[in-house]
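Read through the structures below before going on.
One chain, chain A, appears in both complexes that follow, with chain B as partner in the first and chain C in the second.
Moving on to the complex of A and B:
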């Protein structure tokens, strides 16, 4: 069968890895929030779209290249996240799960409708970074390669930050046990704001990357948030590294399912993968069973 | 906390308040009952649902603006049968199930006098069933899947050229260039499937071969895996039964994956200005279909295009043209019937044979459009031109599609 030719397999694999890196960037942020404050952020994909529309506006009004706009958009969304935590999410941390679900769901509805008001429901995309690099016979998409690499860099960067810096340690401590962390003199509230800001910034960066790959509109978030949920369950709830593996895995599986079966089935891949992983490892790839 | 028992005065106050709220409630109910009756006696109410959100939002909005322009104009001319025309519209969110509910509401709740169809074939499939249930004639702009008219219904009147014939002229053009192998992709809903069925049929008649065929879901945004497969079959023509977002995404990813063919042709997408805006130079040479273009030589097209541009700040696409034409068809039918009685309007619609700004309107015994031809467009130097049929062409078709590496 023609599909088994190494060239095509390699092409599918590369496509899958690059898509997976973008998923990972988004899902890692979601998991970071869940890990630190046990809040499932239903508005995460909308934070991503703020990034995408930010890049769109900067491109069409100031002619700024999407890669350059990363430098403006990402810090801006960090502050959006920081203050969202300060004024909204902080109030629902530690409350029953339903409270935070409702709060973030409400936030996502507000953001979607704000988007519709400002940008209408038209599909947008940015005509920049089109085409591909040719490595021998292998075509590697420019926007995807760039997006994949930047996503990878950011995710690994955040991971290193969490592992190696004092602030990162503090975030992990709060994630482990907020009360004990507070007793040890960590300003838990500040850490939460920082965490949400960071996760929002990651989502924003994913949004900028998304704007050069796909067409998007204010309601595009749904497809992504659903996949992200599947990813963090696959990877293990609250586990940063798990979400990374989960994202990459989903990207690759989607590419191969799309190649071997059909694009329609690729859309179901996330959920098939979810069920499979849960059957074999109910806590997810990296999850730990909690009492 | 247990609330304390109210004191005497408080009790009185509460009763007063209750009485007040009761009377407010009653007057509200009365208003609701009386108010529609008052407006009905005066205005002719035209009801429709269009997609203002979701996948078909862009095109749905254009269609609605087309209707609205007609409504404004007919009122400026003194209305229909001496009555003012009022448009009632809802957002069906591009969902057939929502569309069906809204048409039920329009007919039973809003008690509209005339009905205009929604946008997209799959929402129309659902809405037309409701219209049929109430024997209410519906003039349908924005639907072109043949299956809508294959269910023996008597109340759905189409304006669009049918999906099955969309690609005929492009396929004939390909044949004339000696092309043989076709890759066919399409969304898994009514209209794109109709386009695909027409392509397969026509290809067979022309002795061409479909070497690749695949359906994709409504939410598909990533076609890379599909494109890699298509590439290995080396087709001469890539044809898509698509809408705007998918055709845009496909062309983008075709470039990323260096998919090459002599002709790229898509339904809907390339017929819209957004296709060029979103793709920039990569739109160059892509062919598509159009139901209508603002450059067509039909009565009133130029005036309509100018006014539309003034009002909404952009050139009308064919969805807007269709919306406007629908209004004209309704107007002609109501005038011919001399009333808005559903039975009389239905009879008038069956008998009508007119040329509107949108093109000829003539339906067969099922309400299916048989009068209007299909036009092929191509993006040339950043603009959309009619290239086929040659009689209506505003530019000569560019052939073959330029290799990605040589652009």
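Moving on to the complex of A and C:
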């Protein structure tokens, strides 16, 4: 079968890795929030779409290139996240899991429908990057390559920040044990706001990246949030590195399912992967911070 | 008179009103009531699993979609409408058995997440399985296959009433007590000998049965079904908001919630579906943050604060 030729397999693999990097950026933020706050943010994909629509508005009104708009959109969404935490999520931290699930669910419904009121249900796209890079026999589409590489850089950057800086250490400390962290003099409330801001900014960046690859509408988040959940369960809830590997894995699996079966079944791949992992190892492949 | 007796009398009065209503209403008003019953039945189903056990299902509309498709197919194959309703409910419940065993072994958040995707999967399957579902084109039912509006009205009413009575019965039964024990502290419930997984799965299957039947009647009402109308995300939202707004885990909460939300929808934002859903989102946030017990808890608190109020939990 022609599909089994090495060039095609390599092509699928590269496509999968690039798509996976975008998932990883989104899912790592989600897991960061879960790790620090024990809150599952159901509105995470909508934060991503704020980024996508931000880039859309900047492109079509001011003619700003999406890559340049990262510099505006990402800080802006950091503040959106920071104040969401301050005024909304802070109230549900420490309450039963269901309370925070329902609160963020409410937030996501509000954001989706505000999006529909503002932008209608039409698909939007940004025709800024087009064409492909040709390397020997391989063709890699420019938007996908750019988005994948930038996502990878950002995720690794955040990881380095968490590992190497004092603030990153404080975030990890709160994630480990909030009370002990507080005793050590860490302002836990402030850390939570920064964390949510940071995770929101990651989602926003993912949104800008998304906007150069796909067309999107205010309801696009549903597919992504589901994939993210599959990823964080596969990678272990609260585990940043696990989410990264989970994201890459899902990207690759989707690419191969899409290549060999059909792209529509690729959409269901995340769910099948999720169910399989739940069957075999209910706590995820990389162990888990207890939910 | 204690709260239970008051509730019983109000219930009897409502049933009498709903039974007589078709005599004095035009088709539009009757259709509106039918939709209220639809929401009540769905809300009670959600209440049964999520309100009672605390396991939030974000994908219950999937069972509605399965019921709707099953019924549409059964009708076109020549089954009478009542058999189509029964079989559709059965199919939805059968589907819930393996799903329940798969997802309910897990603690709260995992279940919620696994259910979140279910509705989407239903939509994808309905779109891709073209030979049976006709894909995105959907299935249209010819009018001679369908029962009259009165029949549909009373069937939907029966489902709402049946779901409510089921919840009321469970509320007072040992089974209901065990479900609430799971909600309050699952480990402790296990410790005192409650078979938590089995209980959760039974509640889940019962709560899938109802949307299956409701979907079956719904397709008779609309006479058309396609993947996006069968597996509509908004239906999940409505179910959840209605129950929480009214008061989750109670018998009256879903009824009060459904009545209020449906009247609001009809009066204020019928023309703006996006505004309707955004408003539901705001309502959900407000209830979760400021009124965790829902509207029912306001009524109950008022009862409690009266000096002559008897103790005893209102249903």
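Operating definition for what follows: the second predicted complex is superposed on the first by the 283 of 291 C-alpha atoms of A that agree within 3 Å, B and C clash if a C-alpha of one lies under 4 Å from a C-alpha of the other, contacts with A are read in each partner's own complex, and residues count from 1 in each chain.
Simple rule for what comes next: contacts are C-beta pairs under 8 Å (C-beta built on N, C-alpha and C of every residue); 3 or more make two chains touch, one makes a residue touch a chain.
Bear in mind that the values here come from a model prediction, so they are computed numbers and not experimental data.
Visitor: Is the arrangement of chain B and chain C around the shared chain A a clash or a fit after superposition?
Guide: When both complexes are placed onto chain A, chain B and chain C end up clashing with one another.
Visitor: Check whether A:25 is in contact with chain B, with chain C, with both or with neither, and answer first, second, both or neither.
Guide: A:25 sits against neither chain B nor chain C.
Visitor: Determine, under the contact definition given at the top, whether A:144 touches first (chain B), second (chain C), both, or neither.
Guide: first
Visitor: After lining up the shared chain so the two structures overlap, which partner does A:114 touch, if you call chain B first and chain C second: first, second, both or neither?
Guide: A:114: touches chain C, not chain B.
Visitor: In the superposed arrangement, does A:15 touch chain B (first), chain C (second), both or neither?
Guide: The first partner, chain B, only.
Visitor: Quick one: is A:98 in contact with chain B, with chain C, with both, or with neither? Answer first, second, both or neither.
Guide: second
Visitor: Once the shared chain is lined up, is A:264 touching chain B (first), chain C (second), both, or neither of them?
Guide: both
Visitor: Scan A:223 for contacts with chain B and chain C and give back first, second, both or neither.
Guide: both
Visitor: Please identify the positions on chain A that touch both chain B and chain C, taking each partner from its own complex.
Guide: 116, 219, 223, 264, 267
Visitor: What does chain B use to touch chain A in their complex?
Guide: Touching chain A: residues 52-54, 57-58, 61, 188, 214-217, 219-226, 228-229, 232, 244-245, 248-249, 252-253, 255-258, 274, 277-282, 404-405 of chain B.
Visitor: Which residues of chain A touch chain B in their complex?
Guide: Touching chain B from chain A are residues 2-3, 5, 8, 11-12, 15, 19, 116, 120-125, 127, 130-132, 134, 139, 141-144, 214-215, 217, 219, 223, 254-259, 262-264, 266-267.
Visitor: With touch defined as at the start, can you tell me which chain A residues reach chain C in the complex?
Guide: 40, 42, 88, 91-92, 96-99, 101-103, 105-110, 112-114, 116-117, 219, 222-223, 225-226, 229-230, 233, 237, 264-265, 267-268, 270-271, 274-275, 278-279, 282, 291
Visitor: In their complex, what parts of chain C are in touch with chain A?
Guide: 54, 56, 58, 102-103, 105-110, 112-114, 116-117, 120-121, 124, 127-128, 233, 237, 240, 244, 272, 274-275, 277-278, 280-285, 288-289, 292
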